[in-house]
Amino acid sequence: MQIQVKLFAMLQEALGETVTVEVPATPSAEEIKGAVSQIAPNLKQMIQTSRLAVNQEFTTNAPIQLQSTDEVALIPPVSGG
Amino acid sequence: MQIQVKLFAMLQEALGETVTVEVPATPSAEEIKGAVSQIAPNLKQMIQTSRLAVNQEFTTNAPIQLQSTDEVALIPPVSGG
Amino acid sequence: MYYLNIGDSPINVDALYQKLKDPQYGGIVTFVGTVRQWTGDIETKYIDYSAYHPMAEKQLEKLAAPIEAKGARVVIAHRTGHLELTDEAVFVGVAAAHRGDAFRWCEYLIDTLKQEVPIWKKETDTDAVRWGD
Amino acid sequence: MYYLNIGDSPINVDALYQKLKDPQYGGIVTFVGTVRQWTGDIETKYIDYSAYHPMAEKQLEKLAAPIEAKGARVVIAHRTGHLELTDEAVFVGVAAAHRGDAFRWCEYLIDTLKQEVPIWKKETDTDAVRWGD
């Protein structure tokens, strides 16, 4: 399935607010991160250290039951405070 | 020797700002507290739990080389903050 | 009830402190993080903060709710946008009946905020631009 | 340089906080103790604080100097006289380069103040007058 992934911080500066990627049904977070890495191999390390959020909740390692309306986001290491 | 002892808090309310007591030369803090307790036996427990200060420094257990100009004070358990 | 805010307006420390005052609390601990000039040899000129709204606000609620459930009050504000030296980036305040709790919970909240709340810092230093820290 | 004050004027939290702001510090931790209404079943009406001047000020200096020697800034104010519910009795603030230090030192200062500084609380509760706590 095709999904849009929201990006933030340095990933957003490099790639824009969202990228569209092709992922398997019920993908894992790793598979989604891998699909984004394919678009931007030079950012692979940053993408690997990012966390995935679906509908504004951090995901676990479990396969994700994605709906087409779900909001998927890559969260680079946070640095607030 | 005769010394004046400054009092504070509940001791000051009960006995006034100072009391005059007779103490041995180079008295210990315990001897000074004992002399004040003789004036106010009903406050003995409070006096025993107080600390002694000479010239606005807490004293140790050592004998005190008192001068007649020294400022001696009984410090009841503090409760600021 | 907690008060949480993430936005571009300057942080009004006094107004946030006033929200923590209450006859039922005796101890108020606050942490304020400001933009510091030097980090070792690196000199910071200014910082821009961005956030993932409203996920960042939801994450703050998850932090604040368990502390409030213990009977304390929580106030957290994080500024976004452009900040100059000494500007307040974050305010975390806890009012509690006992000061030990207030210290513990305030430190827990800022430590956890720095791990779990999607806010990012873009630091413009005299030698380079740095993301995060 | 530290700022220390013991006196009858109301504590101006915002003015004291401003003294802690500085480009060299990134973390400011403050503790404020206010007059609390309930302590278990005991209801407090008001509190009068008294101090042994200037021994109390000297004791504060002894607390503040070693913390300042570590490169932090210390601001402490204690109010004396008549205080009503929610009035600020004490303000202890530490600004430091790192927040962990600021938390540790601020808590150390208020804990030690409560042991070593000759200030006394006379609490007028609805049922009785109590010295100390």
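Going by the order they are written in, the chains are A, B, C and D; count residues from 1 in each one.
Going forward, a contact is a pair of C-beta atoms (placed from the backbone, for glycine too) under 8 Å apart; a residue touches a chain by one contact, two chains touch by 3 or more.
By chain, with names taken from UniProt: C, D = Molybdopterin converting factor, subunit 2.
Every value quoted in this text rests on a predicted model; they were computed, and no experiment measured them.
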item	value
Touching chain A and also chain C, the following chains	none
Distance between the centres, which are taken as Cα means, of chain B and chain A, whole angstrom	72
Chain centre separation (chain A, chain D; CA means) in Å	48
Inter-chain centre distance, chain B versus chain D - centres from mean C-alpha coordinates, in Å	26
Junction residues of chain A, two or more chains touched	none
Numbers and ranges of chain C residues touching at least 2 other chains	33, 110
Inter-chain touch pairs (all)	A-C, B-D, C-D
Residues of chain B that touch chain D when the two form their complex	6, 8-10, 53, 56-58, 73, 75-81
Complex interface listing, chain D residues touching chain C	13-14, 17, 21-38, 85-86, 97, 99-100, 102-103, 106-107, 110
Footprint of chain A on chain C - complex, ascending	33, 49-52, 54-56, 58, 78, 89-90, 110, 113-122, 131-133
